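Both of the next two complexes hold chain A, though its partner changes from chain B to chain C.
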Partner chain A sequence: MSASGAVLWLVNGIIVLYLLAPIVVVVATAFTTTAYPVFPPRGFTLKWFAKFMATEEFRSGMRLSFVLALASTAVAVALGTLTALALARYRVRALAALSAFVLSPILFPGIVLGLALLIYFHQTGLAGSFWSLAAAHAVLTTPFVIRMVMASLGELDPSLEEAARNLGAGWWGTFFLVTLPLIRPGVLAGAIFAFIISFDELVITLFIAGPKLTTLPIRIFTYVEYASDPTISAISTTLIAVWIAVGVPVYTRFLGVRHR
Partner chain B sequence: MADLEIRNVSKTYGSVVAVDTLSLSVESGEMVALLGPSGCGKTTTLRMVAGFVEPTAGTILMRGRDIIGLPPNRRDMGMVFQSYALFPHMTVRRNVEFGLRWRGLARAEMARRVASTLDLVGLAGLDDRYPRQLSGGQQQRVAVARVLALEPKLLLFDEPLSNLDAKLRLQMRHEIRRLQKDVGITALFVTHDQEEALTIADKVAVLNRGRVEQYGTAAEVYDEPRTRFVAEFIGTANLFAGRLEGGGLRPFVSAGGLRLPVEVAGWTGGGDALLMIRPEKVILDTPGGDDGLRGEVTRITRLGGTTEYAVDLPGGERMLAHEQNGPQARLRSAGETVAIGWRAADARLVAAERH
Partner chain C sequence: MWLGLFLVGPLCLMLAISFRGYQAGVGILPTWEVGHYARFLGDPFYRGILWNTLALGLQVTVWSLVLGYPLAYALSGLRGVRRSLLYFAILLPLLTSAVVRTFGWMILLSNNGFINQSLQALGLTDAPVRMMYHMSGVVIALVEVLLPFMVLAIDAALLNVDPALGEAARNLGAGSIRTFLAVTLPLSVPGVLSGSVLVFTLAISAFVTPSLIGGPKIKVMPTLVYEQGVSLLNWPFGAAIAFVMLFVILALFTATFRVTNRGAA
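Right, the complex of A and B next:
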């Protein structure tokens, strides 16, 4: 190997280590026998996982976060896909301004968005309900769906949709039989992003969730305020394992479809 | 009655005029080529007929019925796209079935039509392939089969052969023509390739700047061009600016002062005109009279079956002559002086520029 090749590998190695180190530490501390997270871990135990599973607060938080992420993702995917279609296919006046506007929630600080939504939901009397929370999460995640779907649409030959219309398909027939199957990689990627962001969301949720809607991130956040045992590490490790088992295959399949 | 009638149709994008009060009528069973350079409005015209573009003004009638405002899926037209636009996620069979499913056919009838159409275009047995597993020519056939299966009222071709290599293009040109004749469906064929237009169509509409410059059979637009644009766009033309002066065998005086032969009978234009003579009508070594035209060969280009000579005429004008490389042909050399001429009946007068 040449000297420059060696340097390249070294730099790459350092970057990978830098990115992976926090994850490695968290995973390792989940198995420690000590009553607080310590790295490297001492001994080996699964009792923190058992405690996580046995604690009703965590289980209900996980259920709520899962259902919430599903609901908000469904809303974001429907809205985002149709918006992307409109932005990509119609000669809309002031297109640049409009696409900047629909993508703006990505750029807003979470605190600003959270406060704005809190005021809005209070004035409209919708505060504290599951659907207001799902709507808030969808506001945050829809731009990611738009982004991903627009990238997919950019690679789609518009004459395919015209051919479908010409052959007799109406607008919805064209959408479901031609457009959607061909932009599915983008929709799927957008959905994964939306789900992860919603499942993980803390700042906006803290503002508007209310006392009855305690998501997993809120539960974790409040738990670490008074406890310091490695249960949180065990929860994190479980989530990482789930993403590797479910998210990675879906994501590679998406990339595989794209590069075929 | 005309099958398709385009009446005074215009399309403007802001201040850009893509199509300018264009009128065209296509008889039943005819294949009409829309021919012109890029930006002449031919594709926009086709897309207005298909329903993808709304005209700014004018009407389009299909069998006497106004179709403006009708969505593309209810116009009953079959379009073959330049990119073929085959659905990449569907097999050949599903591609051909796609249009049939909206027409409420029984399953058996659908299968029969798919099979017979694929047979017609010579693709029987490839039903379960995906488009990416087919060659360019085969994809083209699927695109044609997909619209023929519908038995539409009108076939629309948007430069369908421009993505094929030269040999295949010739073959598909004849095949599309044969299929269109067999099924007897009226067709519009957009192309920028004049040879393609002349060979494939019953009639050619030559478009320039959003208008029809001339509409006629291939022979008419080639032999009797009415404008300078048509004369120059179709084939190769020698054009001399000048004016008609008196009569006799050589009534035309070119800008360079040459007296040239042309038949004036039937000419209703003014004194100022253009004289057009096709290179293959030019005769070298004319057994000329004393007033015969002479010129110097300045460039020789072998075009395979023919040889092209560029000949400089006295007065600074230059013209091209084509000679068949037949058994009697004698290859001339550069610098040689040749007697040059043509039959008066082969030359045409074309209106001088309007502006």
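Right, the complex of A and C next:
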């Protein structure tokens, strides 16, 4: 046992190293004093972070991505919560098929959806507008909200809602005073996932954004295609740090719920 | 409703467009034809891209299986804080966008990057090994990008295996390797299958990693769809390629579904 166990640990150590290698490299090269990203980095400087903050292209990209993620998350949370309630509440016939359909964008190739939406928005005259982009992102993120909310609803005691109804609360009253506070962790987790996915989304955005709407991921992508610059490492490091700070509590909380 | 408007609607429209005529400089013609499908499946150049894409998907799937299984096996055996820590290490890449991780690989894989310098310092090679703008680099990076999905799928299946079964096998005299081969491995097949289908699907539809690491010379179906759709504006041809890709994925899902159902019955 101990010999094979040691081998397993060694092998897995190497695999984890491989898994984390690009992240380590990106974070390390953000502090290099060389003009291009080298690993291992040389020296230590924060100037690439300063350059990121000072470059208007990146600042405007970040602002746009933030507003876009906020808008699409609002739509996704509203639609996703209602869909999850409907799926959990009403014994819809062929429920499994319906759930699969509603959750399908998770697996759907972004490249296919991107082209389909490009053609669609052109034919309907919505191409290149902020709201078409927000709608597309919401299509992508709503399934994650549905997942999270359904997980929360699964733990909800239905007798609590019945009690509220018996005490005279209407549908909306029951929803806002009883159901929503109880499923809030699921809604919050779904919202944070939706926000992160929308903020990072590249492929569909590349297809439909048009020349005027350059989000931060598009800026990074076009930059990386033609130049290698530690500023990109600095931006990426900032994003990684923020997502860890925001995402990890949600993951642990959500996984904590599921493992109990 | 929402999905109908922004998923089903666009897909139907794209299906229709993929049968429309197209002429360079003029645009989409109001004629109906199957020429785009015939061109993609008939022309040796495009058929090569189809095979390239499928070969990439297969390589990435096999490698993530080889690397993902030991990791999932270890993960499913851990409890408490140690499990959370390893879980975090596997989820961390998922929290980081594919563009960022691909950028990291571009730094590592370049001709004077860390990997080539290490190989040369160790005397394993004299000249740098070409990995950037080469299929091998795309595979190395794409396996890393998709590995977490494989690990999570196999881990989920292994968690469902009753540990008492392994104990029973050991009590009956089987060694740990035999227990693994005869009990644990067969019971984890559903996870291996779903993880493989997931990784293959994501690999043949991946755009960011092949286009950044592969560059303009490496062509796979997703980069072709992008080129036709955005750069050349030949939507009918792009749509036809996209549907060939969807068809491959659907066929794979159906086949897997059949196999798992037969196994269950």
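Operating definition for what follows: the second predicted complex is superposed on the first by the 222 of 260 C-alpha atoms of A that agree within 3 Å, B and C clash if a C-alpha of one lies under 4 Å from a C-alpha of the other, contacts with A are read in each partner's own complex, and residues count from 1 in each chain.
The rule is short, and it goes like this: a residue touches a chain if its C-beta (ideal position, glycine included) is under 8 Å from a C-beta of that chain, and two chains touch if they have at least 3 such contacts.
Because the structure is predicted, anything quoted here is derived from the model rather than measured.
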- [ ] Check whether A:148 is in contact with chain B, with chain C, with both or with neither, and answer first, second, both or neither.
- [x] neither
- [ ] Could you say whether A:9 touches chain B, chain C, both of them, or neither, answering first, second, both or neither?
- [x] second
TODO: Look at A:178 in the shared chain and tell me whether it touches chain B only, chain C only, both, or neither; answer first, second, both or neither.
DONE: first
Open item on the list: Looking at A:200, would you say it contacts chain B, chain C, both, or neither? Reply first, second, both or neither.
Closed with: second
Task: Partner contacting more residues of chain A (chain B vs chain C) - done: C
Task: Touched partner set for A:162, first chain B, second chain C, both or neither - done: first
- [ ] Give one of first, second, both or neither to describe whether A:170 is in contact with chain B, with chain C, with both, or with none.
- [x] first
TODO: For A:77, select first, second, both or neither according to whether it touches chain B, chain C, the two together, or no partner.
DONE: neither
Task: Residues of chain A defined as touching chain C within the complex - done: 1, 4, 8-9, 11-12, 15-16, 18-26, 29, 37-40, 79, 101-102, 104-105, 107-120, 123, 135-136, 138-139, 142, 196, 200, 202-203, 206-207, 217, 220-221, 224-225, 228, 232-233, 236, 239-240, 243-244, 247-248, 251-252, 255
Task: Parts of chain A lying in touch with chain B, wherever the complex brings them together - done: 157, 159-160, 162-170, 173, 177-178, 181-182
Open item on the list: Under the stated contact criterion, what part of chain C meets chain A in this complex?
Closed with: 2-3, 6-7, 9-11, 13-14, 17, 67, 70-71, 73-74, 84, 86-93, 95-108, 113-114, 141, 144, 147-148, 176-177, 198, 201, 205, 207-208, 211-212, 222, 225-226, 229-230, 235, 238-239, 242-243, 245-246, 249
Task: Residue ranges of chain B touching chain A (in the complex, touch as defined) - done: 50-52, 71-75, 77-79, 81-83, 85-89, 98-99, 101-103, 146-147, 150, 156
